[in-house]
Amino acid sequence: MVRVLIWNEFYHEQKKASVRELYPDGMHGCIRDFLRLNGDLEIKTATQYDGNFNRDDINAGLTEELLDNTDVLIWWGHCHHKSVPDVWVDKIVSRVNEGMGFIALHSSHYSKVFKALMGTSCDLRWRLGDEHERLWNLSPNHPVMKGIPEYFELDGEETYGERFNIPKPQELLMVGWYAGGDVFRSVCTFTRGVGRILYIQPGHETYPTFKNTYIQRIITNGVYWAAPNVKVELGAVHAAVSPEELRKNGETPTERVR
Amino acid sequence: MVRVLIWNEFYHEQKKASVRELYPDGMHGCIRDFLRLNGDLEIKTATQYDGNFNRDDINAGLTEELLDNTDVLIWWGHCHHKSVPDVWVDKIVSRVNEGMGFIALHSSHYSKVFKALMGTSCDLRWRLGDEHERLWNLSPNHPVMKGIPEYFELDGEETYGERFNIPKPQELLMVGWYAGGDVFRSVCTFTRGVGRILYIQPGHETYPTFKNTYIQRIITNGVYWAAPNVKVELGAVHAAVSPEELRKNGETPTERVR
Amino acid sequence: MVRVLIWNEFYHEQKKASVRELYPDGMHGCIRDFLRLNGDLEIKTATQYDGNFNRDDINAGLTEELLDNTDVLIWWGHCHHKSVPDVWVDKIVSRVNEGMGFIALHSSHYSKVFKALMGTSCDLRWRLGDEHERLWNLSPNHPVMKGIPEYFELDGEETYGERFNIPKPQELLMVGWYAGGDVFRSVCTFTRGVGRILYIQPGHETYPTFKNTYIQRIITNGVYWAAPNVKVELGAVHAAVSPEELRKNGETPTERVR
Amino acid sequence: MVRVLIWNEFYHEQKKASVRELYPDGMHGCIRDFLRLNGDLEIKTATQYDGNFNRDDINAGLTEELLDNTDVLIWWGHCHHKSVPDVWVDKIVSRVNEGMGFIALHSSHYSKVFKALMGTSCDLRWRLGDEHERLWNLSPNHPVMKGIPEYFELDGEETYGERFNIPKPQELLMVGWYAGGDVFRSVCTFTRGVGRILYIQPGHETYPTFKNTYIQRIITNGVYWAAPNVKVELGAVHAAVSPEELRKNGETPTERVR
């Protein structure tokens, strides 16, 4: 049983009729619905704005209890990154280091959490050009690419182009081709601490991207891949007695995993 | 069901009484026995020398049929690397590129197959110093490290030291510390084509290494990790009609995975 | 001409006679002196504590002008990481992303700057065991390893052990072996934005590490290696007109480098 | 003084008038000419076919003396990979491991040498579509990218598309975008032993690619980057006396670099 938390800014869906039409239950609702087809996922959602547009929620929809019960956190943010309090950013970065998976969707490349995990500005080129995108599969043996063909197409997406200012990915899974002439490292993975991170570029609010079969499969695969194998405690370890001393004394080292 | 083939030189066990005592059924027999505890593995063995020391087997114990039915190939060789025919080396390298997993044990760092997969000389420092080794876990979240603590010790092993002339590993899972003062990248992974490769340093024939619980766990984990997610066909693809043409013509691309 | 800024906490040298004896001009003074042997470096120093132990310097010894004129920043901190103001941490992280080199020495693994660049907790095992350390050269072809032999020894150092919670290094240059039984990724590189980062483990204040020829060579090599090839401006780029449009219109793209 | 050897198949230029018109002195001649503008390079050329189309040269134009005096080997091959004798392939792979740089141009992705260094089949998608290509700069701080802007265009090239079956590059410097809808990892680096390897995709014989300023700059930068920092001897090292023994006996370790 993998416990998933889908966090959404939930702004565009409330402000703009055309987005609401695409995603009547919010993008988080759409993602929740296709993830639900997997019987072994326990899925919760949280939003930065509630249905009454309460911008005053100092916790951006997050609680300790929610995070305590999350194995994989999916994140969609765009216009209100700055309103996510630093204290929650720090908490999430620590959780990832301890083992929680983190999946950053589309414009979440600019979220505080993703930038803090990367250590870079995460800048990129962009354009609302209504161009079609073709995503090429570079790593067919990676668990996240299970069921993804050589390439697939999206009839329209926001164009994201290089140089995307991220550290060299652990694995570069897909490269995007745009009709306007740009390329992008569209699906890539990172590790921070023992936590796994997946970045997925498609997912602009004005397109039905989250209804695309392949995108749904990538996110679903991603949830299983990012689920922790192990959780560890952070903190320096003062190993006052050396392993060689322990050995000489016939003491068994702990089976601790860090 | 993962189909495992354990290939062993099977020389020392026949030539040297002390090794035979440690591994009466050969090292391949010992590995087979602990892998068998997993109900979902189909395990075969093959040896370079048969029980009558037939050095004339031009195929080093391999057949097309064996390879055709192998998902993960475990390899232990030491003194007779040169007798493995190049034609079989080429076949195995291709199989790995197509998706077969490959686990190289100990002195197999110098096997023709491993060297061909690496593209390097695979040289290292070595010493028969009867030193104890301590293996440190650098990647506790990697599937191959499941159940492996912070570190564990082997009371004796052949000392392997850096610089180990391999390409930068995909993931460095364990670093070995030796009482004599050497360090070694003892457990590390590589990818060639869509095939996964695992190198495991411990396993000298004069030590009961393959009876060690943690070593058994690493090899077992390795088998599951190296099992193919996907198998692909090799060969250049002449894509005479461009993806853009296909799109304009409303033709659907194949779902081929390469 | 590479412009180097050596930043030192400068606490132990003032508080503890034995450290002062080793480094009468501070560790920054020692590093400045051996770097000065290279005629083409312009070297400045800055310290968190001035000679009168003024803990009130809200800027930790830094100014905009200093940073504006720095190509490579060398950092040594230990006990007063927390007193470095976040605003300066953010500035330095941005500078690195824009191209400034950053060399983190020893306990600076726990500095705010290094942790922010890594995105991890940078935890490690440690022990004041007065053990000797042997550093093994894994990457003799790397510019930072120029002139460094197969291995070298330090008669005493603070023991740092794995698991060091850092992202996978870009290049792992040296692995440390400690008499007490630990290993450590002692010299390693990272890239953030276009800035190069070098971590060097040896350098505890109670040992004459910065007087060691090989350590001096590594730091010197590191300065030249980390010096920027290029500096870039951060920020998203709104590329409203696509490259394909530009091409159709016969417009030349800018030669901008990002 | 970097000693460069440019090796060319030299087939198309002799067989096809249109190619001869583009490269009257062969592609090796064109490359030699722009490299010559750098005063500190010593440049030689070798060709698989001589001007009389002597297909019988069992050494494919190579001699021990030539290789002995080469720091960086540039390679262009296409139709006659198979005629390069294995013995020379093995020698070149060893030289690279010892420190020689290797730059593989365009269709040399399928040369025996490149495939042996990679350990993969180096398959790719291809099409003679006369499409324009746009190459995007992903690593502006890499020495090979010095002077290369955000992107540049080639009015025509053979289309090479993913999945390019290579191991994960050490650094991915440029990604190519093709008008027909493909993407390609067009410029990337690898290390084998202490030797540096650069792959550069553009350079089909029917296009004036080697006359393009940016391509010339990439190859020129590549020569300086791939030139050895250090050369090492291959072979296992039997370190019979441990470093700890040496230390106890007060013996100094050699300053050998491996």
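Here the chain labels run A, B, C and D in written order, and each chain numbers its own residues starting at 1.
In this text, a residue touches a chain if its C-beta (ideal position, glycine included) is under 8 Å from a C-beta of that chain, and two chains touch if they have at least 3 such contacts.
Treat the numbers as computed from the prediction; the structure is a model and nothing was measured.
Peer 1: Please name the chain that ends up farthest from chain C once chain centres are defined by their CA atoms averaged.
Peer 2: Max centre-to-centre separation from chain C belongs to B.
Peer 1: From the C-alpha centre of chain A to that of chain B, how far is it in Å?
Peer 2: That gives a centre separation of 33 Å.
Peer 1: Please tell me the distance, in whole Å, between the geometric centres of chain B and chain D computed from their C-alpha atoms.
Peer 2: Result: the chain centres lie 30 Å from each other.
Peer 1: Round to the nearest whole Å and give the separation of the Cα centres of chain A and chain D.
Peer 2: Each chain reduced to its C-alpha mean, chain A and chain D end up 38 Å apart.
Peer 1: Can you list the chain D residues in contact with two or more other chains?
Peer 2: In chain D, 134, 137, 140, 150, 161, 163, 168, 181-182, 191, 243, 247, 258 touch at least two other chains.
Peer 1: Name the graph shape formed by the protein chains and their touching pairs; answer line, ring, star, complete or other.
Peer 2: complete
Peer 1: Over in the complex, which chain D residues touch chain B? Could you list them?
Peer 2: 93-94, 97, 110, 116-121, 123-127, 129, 131, 159, 161, 163, 165, 167-168, 170, 178-182, 190-193, 234-240, 242-245, 247, 258
Peer 1: Taking the touch rule as given, give the residues of chain C at its contact with chain B in the complex, in rising order.
Peer 2: Listed in rising order, the residues of chain C that touch chain B are 134, 136-138, 140, 150, 161-163, 168, 171-172, 175-177, 181-183, 185.
Peer 1: Help me check something: in the complex, which residues belonging to chain A touch chain B?
Peer 2: Residues 99, 132, 134, 137, 140-143, 146, 148-153, 191, 194-196, 228-230, 232, 243, 247, 253-258 of chain A touch chain B in their complex.
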